[in-house]
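Listed below are the structures to be examined.
Shared chain: subunit A. Partners: subunit B in the first complex, subunit C in the second.
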Partner chain A sequence: MFEVIAFYIFSILTIIMFGIVVFSKNSLYAMSALAGGMIFISGFFFLLGAEFLGVVQIVVYSGAVMALYAFGMMFFDTTRDVKENIHYKKILYSLSIISAVLIVIIMSAPIYSANIESLYPSAIEGVGNTQIIGLVLFTKYLIPFELAAVMLLVSMISGILLVSKRMDMNLTEKDHYEEKGEII
Partner chain B sequence: MITLTHYLVLSVILFSIGLVGVMRRKNLLMLFFSTEILLNSVNIGFVAVSHYYGDLSGQLFAFFIIAVAASEIAVGLGLLVLWYKKTGSINLDSLQMMKG
Partner chain C sequence: MDWAIVIETIIKSIVVLSVVAAMAGFATYIERKVLAFMQRRLGPMNVGPHGVLQLAADGIKLFTKEDIVPQNAVKPIFKFAPVIAPVTAFTSMAAIPFFPEFTVFGYTVTPIISDINVGVLFVLGVASTGMFAPLLAGMSSANKWALLGAARTVIALLSFEVVSGLALLAPLMMIGSLSLIDINDYQIAGFTSWLIWSQPMAFLLFVIAGFAETNRTPFDLIEYEAEIVSGYATDYSGIRWGLFFIGEYANMITVAFLVSIIFLGGYNPLWIIPGAIMILIKISAFIFLFLWVRAAWPHVRPDQMMWLCWKILMPLALINILITGIVLI
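What follows is the complex of A and B.
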């Protein structure tokens, strides 16, 4: 009973929040609504017994990603309303809904037709969700995990390089650096 | 009783909201927000399937999707800031350089 109430409350709130993100004209409202929606999605993860993923969702999305967006928005003019000229509204909405339904049918048809056996059972006696995720992550998924770490490192370096101006120069060459004028 | 179908339907609704955003938005920052919605709706589907089939692989895929989303935003926002410094606009139509 509790699960049903929680599911419906969370789903209604998430849909409202993401509707604000998509249809709002002010980008600050959209960003705040996106942060709220991320928190409500972590509520679904807790309902489904994936505590580790719920905590990761809160930490990564509403912590890191939203901070990144907030800092990125300082570069842009966010006080103005977003002007958008849109043509062909009916085609747009019908196309997007049809394609979403098609994707779900493609994904869920094999699940219904074949009885999938679980490779890595998620419930073992006396072992919590975080522990078992660690066990599977560091045995079967070790190489993807390390690749994800390298990918995060590469994206961090590229983010720093792209935004900051003077990072392509050598910082130890002081004469060259001072000749170039003011530091930004 | 909440079944797997409920979660999949919710995932469809969120995914279609994100798709409407991707097709409707002309501001590039808003386009990034919509891609976040798409990735999150897929995450809900993965975790629901993983819970109802008792398999942990779905949760691990959702974990990797979160990692991919984080790095995508870092690179994308860097490119967006560069583009804004160059042209002074983050409208999608300003990216149209080839008149086809």
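What follows is the complex of A and C.
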């Protein structure tokens, strides 16, 4: 009863939020709605009894959308509407509608043919949701998990390398050298 | 589902809301008095005995002051942003066990609104979502100081969240559970079993991250008057401005509860002092520490804060985790 009411409230709120993300021309509205929508999605995880994933959804996406805000702050005047530069409206609309329909079909086909089942049903007695995620991650999905970790490490190191050229020299020193006409 | 649980939860939520909001309001009075004491002043003295009723005067002023929305602001978000601060601060309290269990008229009350298995993560995650309030306020104000405050909010969040998460990982490895009740019961054996003795480094790091999370003084770079007027709150007035501060003080209380439960033995009784009194003492001491640090420490610049968090605190937290792992194996 309560689960059903909560499910419909969260679904309606999530759909409204992501609708605003897509249709709004103001980047501040779009990003705020994105943050709200991500947090409402965590409601579904809590309803399904997957507290760990729900909390991870909140933690990860609050940080991720926060970084997105930083980029929005740098690239746009967030208090004004963005002028969209669309030339071929028909192609754009038809492509987006086709891709949306495709995603719905891909997602709903296994449900329609009713052969969707969880590979690791969480029915072990006395073991919580968090522990089961740990068990599955470090047995069945160990290699994908470690590969993802290595990929994140690689991207972190490359990010640091890209930024860290001449990190030992600060910006005022750079101006000082440029005034003297030396090549940095 | 039982209707009794629903009614009990609603009653608990209302009690937590009203008590914590009152505590947050009272904390503003305590703060002014303690700061005055440290700076050899008297502080508020005129309204009521020793200025106790100053609280009511401040409240009346905040509620009745004209509410101004700047012309060029993004109005819906400008109006909505202050609500986020208290809402997230109070939501995060849903997973905190405030007191030990007690019995009223034969009915056992557990003073926690919802005992989810991932209590600590929930509290930290939702509390850090509260940083959206200054961010949205700053970005929607159409004001350069506010925008600078919003930009500083992002670096503050990205700096402290890593430290607080990693610092907490080491004690959680020892306990093996994320539920705050389990964490409290781990330290049930008394004074020597408090986690601060086995994890002093994690305690220190978590407290520093807590100061950054609540925007308290050494790290209050998002509203530092001397650099950016009032940061994100420059354009706010009246009750909207007040909501930010209810959120900030509620967050202080949350962090105080978290530190007391995780590192200082929680609500376990000590000697002849019952558990409920113990946790109140710990929380009061911690709030006093917040105020003491505000009186004693200078501000840090944003670059100093990032340097501190990423180059000193994060490696220390990682080393702490490594050592804890080696010891546990």
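By our rule, the second predicted complex is superposed on the first by the 108 of 184 C-alpha atoms of A that agree within 3 Å, B and C clash if a C-alpha of one lies under 4 Å from a C-alpha of the other, contacts with A are read in each partner's own complex, and residues count from 1 in each chain.
We adopt the following convention: a contact is a pair of C-beta atoms (placed from the backbone, for glycine too) under 8 Å apart; a residue touches a chain by one contact, two chains touch by 3 or more.
From a predicted model like this one, the values you see are computed outputs, not experimental measurements.
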Touched partner set for A:143, first subunit B, second subunit C, both or neither: neither
Subunit B versus subunit C as contact partner of A:29, first or second or both or neither: second
First (subunit B), second (subunit C), both or neither touched by A:45: first
Greater residue coverage of subunit A in the superposed arrangement, subunit B or subunit C: B
Which of subunit B and subunit C A:2 touches, first, second, both or neither: second
Subunit B versus subunit C as contact partner of A:73, first or second or both or neither: both
Contacts of A:37 with subunit B and subunit C, given as first, second, both or neither: first
Partner chain in contact with A:130 - subunit B first, subunit C second, else both or neither: second
Contacts of A:63 with subunit B and subunit C, given as first, second, both or neither: second
Doubly contacted residues of subunit A, that is, touched by subunit B and again by subunit C: 52, 56, 69, 73
Subunit B-facing residues of subunit A, complex: 3-4, 7, 11, 14-15, 18-19, 21-22, 27, 30-31, 34, 37-38, 41, 44-45, 48-50, 52-53, 56-57, 60-61, 64-65, 68-69, 72-73, 75-76, 82, 84-86, 92-93, 95-97, 99-101, 103-104, 107-108, 111, 116, 118-123, 132-133, 136-137, 141, 144, 148, 151-152, 154-156, 158-163
Residue ranges of subunit B in contact with subunit A within the complex: 1-2, 6-8, 10-27, 29-30, 32-34, 36-37, 40, 43-45, 47-51, 53-57, 59-60, 62-64, 66-75, 77-82, 84-85, 90
Sites on subunit A touched by subunit C in the complex: 1-2, 26, 28-29, 32, 35, 39, 46, 51-52, 55-56, 58-59, 62-63, 66-67, 69-70, 73, 78-79, 128-130
List of subunit C residues in touch with subunit A within their complex: 1, 6, 72-74, 76-77, 116-118, 121-122, 124-126, 128-129, 131-132, 135-136, 139-140, 142, 147, 150-151, 154, 157-158, 161, 165, 178
